[in-house]
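Chain naming follows the written order as A, B, C and D, and within any one chain the residues start at number 1.
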Amino acid sequence: MMPIDNSAARARRGRLLVSCPDQPGIVAAVSRFLFERGANIVQSQQHTTDPSGGRFFLRVEFDLEGLSDNIAPLGSEFVREVAGRYGIVFRFASAAYRQRLGVFVSKEDHALQELLWQQRSGDLPADIAIVIGNHPQLENVVAPFGIPFRHVPVAKDDKPAAEATQLKLLRDAQVDTVVLARYMQIVTSEFITPWANRLINIHHSFLPAFIGANPYAQAHERGVKLIGATAHYVTTELDAGPIIEQDVHRVDHRHTVEEMRRIGRQVERVVLARAVSWHVQDRVLVDGNKTVVFT
Amino acid sequence: MMPIDNSAARARRGRLLVSCPDQPGIVAAVSRFLFERGANIVQSQQHTTDPSGGRFFLRVEFDLEGLSDNIAPLGSEFVREVAGRYGIVFRFASAAYRQRLGVFVSKEDHALQELLWQQRSGDLPADIAIVIGNHPQLENVVAPFGIPFRHVPVAKDDKPAAEATQLKLLRDAQVDTVVLARYMQIVTSEFITPWANRLINIHHSFLPAFIGANPYAQAHERGVKLIGATAHYVTTELDAGPIIEQDVHRVDHRHTVEEMRRIGRQVERVVLARAVSWHVQDRVLVDGNKTVVFT
Amino acid sequence: MMPIDNSAARARRGRLLVSCPDQPGIVAAVSRFLFERGANIVQSQQHTTDPSGGRFFLRVEFDLEGLSDNIAPLGSEFVREVAGRYGIVFRFASAAYRQRLGVFVSKEDHALQELLWQQRSGDLPADIAIVIGNHPQLENVVAPFGIPFRHVPVAKDDKPAAEATQLKLLRDAQVDTVVLARYMQIVTSEFITPWANRLINIHHSFLPAFIGANPYAQAHERGVKLIGATAHYVTTELDAGPIIEQDVHRVDHRHTVEEMRRIGRQVERVVLARAVSWHVQDRVLVDGNKTVVFT
Amino acid sequence: MMPIDNSAARARRGRLLVSCPDQPGIVAAVSRFLFERGANIVQSQQHTTDPSGGRFFLRVEFDLEGLSDNIAPLGSEFVREVAGRYGIVFRFASAAYRQRLGVFVSKEDHALQELLWQQRSGDLPADIAIVIGNHPQLENVVAPFGIPFRHVPVAKDDKPAAEATQLKLLRDAQVDTVVLARYMQIVTSEFITPWANRLINIHHSFLPAFIGANPYAQAHERGVKLIGATAHYVTTELDAGPIIEQDVHRVDHRHTVEEMRRIGRQVERVVLARAVSWHVQDRVLVDGNKTVVFT
């Protein structure tokens, strides 16, 4: 929420993510550790699933001179002085680092468009490193943005070959997070596993309602009065991974399936963009099959 | 939407509900029929599922002097002049008639409270004729409103006996519509059938997500970011009847199941009150397993 | 709401807009008129500001073979048979006709982007005929869409000259409706008058709160918990014309003015796109300083 | 968000509210102070208006054995060890303490009803100590809840006398916070000053739109598409105090002023109840003419 207006400020700004069994003294230990190094805590959010015996999550934003050059030693010291004692899993990140996204698409362009615009306008603090389509149609949507588009067809009988190509492209483009922006293929568990918690999908329903194919047709058939969209981390169980964000829009008896799709596109792109934005700002922590989102 | 300020105006105001196969000329025939009798059409809403071969729904509000004393002959004339020709199923209703509600409850009072308040404040244009509880607790909630409360326990092994008692109470109280206001019993198909499309339930989830028991626990377990409520007509398939209204409220990782219940209560009571209000104003038409709601 | 899938169907589909003093018989007369010509009424919406002595508004969608070639004679007959008798102001329109939009912009691109994308995706049933900027920056946003962009600088001391140029461009491009898509200039009453009810602006606040400049700074200063946007027809009184659509988004103490602008951009573009979409489908009727919107 | 299920747990649970000029080390100092006394931090939220030179706000929830008997000495130690050094304004509170509310009403009961019901259901963690009406009508709404109702008429020419009576009643009832629940009188600055930041009003518009009398009539006249309500602390400037919460509901051309009032009642009561609930849980900090709300 604190906008950072220049690169000097950004180089100072860090984030610390902590997850561990809840126990007294963690906040004191973490804040003392940061204070002793001259860091100023700008924002801090915490969550415990249960004060006695639950799991504790913490996200701290702080300013520290010279941070971006000293992430690694800071981590080593944190292990020695704090993390070891409390069984903490943690990560330091520099706000100066912009995540690199790989976006997967098929033929529908709204989710992709939203990410492209939000990146260009500065609303999405990340870089789209590559767009990969199993169809070639969206190349001309991507072209004006000067971002590489790769067409990787997915043969029904040889998905592993396509995924191998995709994985190589992601590696070469040094991608941090993969976004399935209405990518109409199911990815295999071989693909999912290495990208766990870094693979975001937008599902065009309010999960867990209408899992699977054609959710708008299902919604129309059921006569619901709200349709929705769900951004979630992909796991090997279809449409069942940790939910990052959801939203809905009102419909009524007058809306055909096609109209629901049109309205749904607006919900989908907004929900996906919010989820990706939180993810690249390290605001989303995974807690089993749920998320803790520090907005 | 047109407020009616006095009983004379209310005695004039009528509603005509029409449902038939779509075909040209229906609106012209209906509006001429009303015009020739001196009626002024105040509001008119229509819906067709498909202009060629679909089903057509129409709700007309009109003012006609002396209406409330002439509903029956008006119907006979309508059969002769219009309905017969077009295969129309129809109903004339006087806005002067207030539906009588039978409200079923268990131990939770929020949905009942809302109906009681809205009736007293005039926001719900209906009368609560009787409240029936399978537990005695809510009697003192009902008492200050001067409405009869009946405790009808439901023995596990003799639900038919309880339902027979309930049906007799409803009959004696001349009830038009039954509202299950967080009534925690499943009613049998013997009960449901005669009350088809006049039996409204509030389910504490955004259906079709979380059908069945403990939807808030299910929602918490799944980690959804919105919780909802659904008002629907009860059919013999559990939680699967035509949806009248739904709404949602945002939650996040901090909300426990108990907190979700607390937030959900606010959604449930509002959704149920809206659905009942539309129903008693003849704004809800059933189209197969869906509703057409002319708000 | 009834999607029209092919050009033959579109050529049949017509709209009739009616406005007149409320009085009995209008609906009957209009529907008989249409029926006698073989038209099938597909949708009909009406509104009266007061059944006794108020103003009556009607929008009818109908299917009539050969309509698009016969709009003019249909109008003449309607005058003779119906409109004259009831003092009706009316308009027949063919759904086959796509309005031509002139979009005015300055430097911010989000509202323009939304219109461009919705047009391309088919969600906005209109054509953007020309984009006019008082700054040159957005030319490259428009370029990939193959739509003409004209840079018309507005000199502080010679706005009339600029407006003369703009008016000529609009005329040459045969524009039906002008959309101010975050155009940061006040237009003069000389410009407004000929475009009355065809000139739509998006104001970046929930009007009538925060009229005038810098509404997000005003909103931040006041500490509101929701920020909004308002699409309205432009009249000669600043930010005071008939409101077509409004929406809001939640903010809190953490949001800076810059953050509010970012969130606001999402609300603005959606609100403007909705308003323009309703307008070009003849769903918006102006009633004094208010609108009747038949969604 | 952490529900406290029994009185033992509640006796342990404390809250610390901190406000001071932002500077490095505050969080470390506060968390060390709590840790050294054996407190476990359960929740912590902070806000800075500007990391360099702004104002810093902190709310900590913690568990500490024996807290409720040791609030005073804890405060003294906090002054000595932390608050003095950082220029901190602070307050310790026990979650075991339930605030006592004085509710002012006139003739409309919806806002009062909501508070009564939420208190009884346990959703509002406070006690309504007294209800004061300038009209006698709502006595029978209050009666079933066993809460004292006092009728204090307000003579046009002697408001000071009425306010003196009100102040004495509040004092005798040991009221902590006054809630104006659709109280249709303007209170004088003599009344307001001693209750600064403990006097909550619900205004029936989305402030700052429609300040003053008859906001729904103003909203109808302006033709807005959303109507709202605003809960705020009362200051001596009319309808201009720090906003705690706002919400809106959609309306359209069909809604009369009376219909807007009916819809508005639903928004008002929900917004007021939320604001009061946050206030009594010490979640609202006043920052000049704005609020910081740690939900």
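Everything that follows uses one rule, which is that a contact is a pair of C-beta atoms (placed from the backbone, for glycine too) under 8 Å apart; a residue touches a chain by one contact, two chains touch by 3 or more.
Bear in mind the structure is a predicted one, so any value in this text is a computation, not a measurement.
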>> If you average the CA coordinates per chain, which chain's centre is most distant from that of subunit D?
In response: C
> Do subunit A and subunit D face each other with the same patch, meaning over half of the contact numbers show up on both, or with different patches?
Replying inline: same
> If you average the Cα atoms of subunit A and of subunit B to get two centres, how far apart are those centres in Å?
Replying inline: 42
> In whole angstrom, how far does the Cα centroid of subunit A sit from the Cα centroid of subunit C?
Replying inline: 37
>> Where in subunit B do residues touch two or more of the other chains?
In response: 2, 47, 254
> Along subunit A, where are the residues that touch subunit C in the complex?
Replying inline: 1-3, 109-110, 113, 117, 121, 123, 140, 143-144, 254-256, 258-259, 262, 265-266, 270
> Along subunit B, where are the residues that touch subunit C in the complex?
Replying inline: 2, 23-28, 31-32, 34-35, 38-48, 51, 63
>> Which stretch or stretches of subunit D touch subunit C in the complex?
In response: 47, 206-210, 222-226, 228, 242-248, 252-254, 287, 289-293
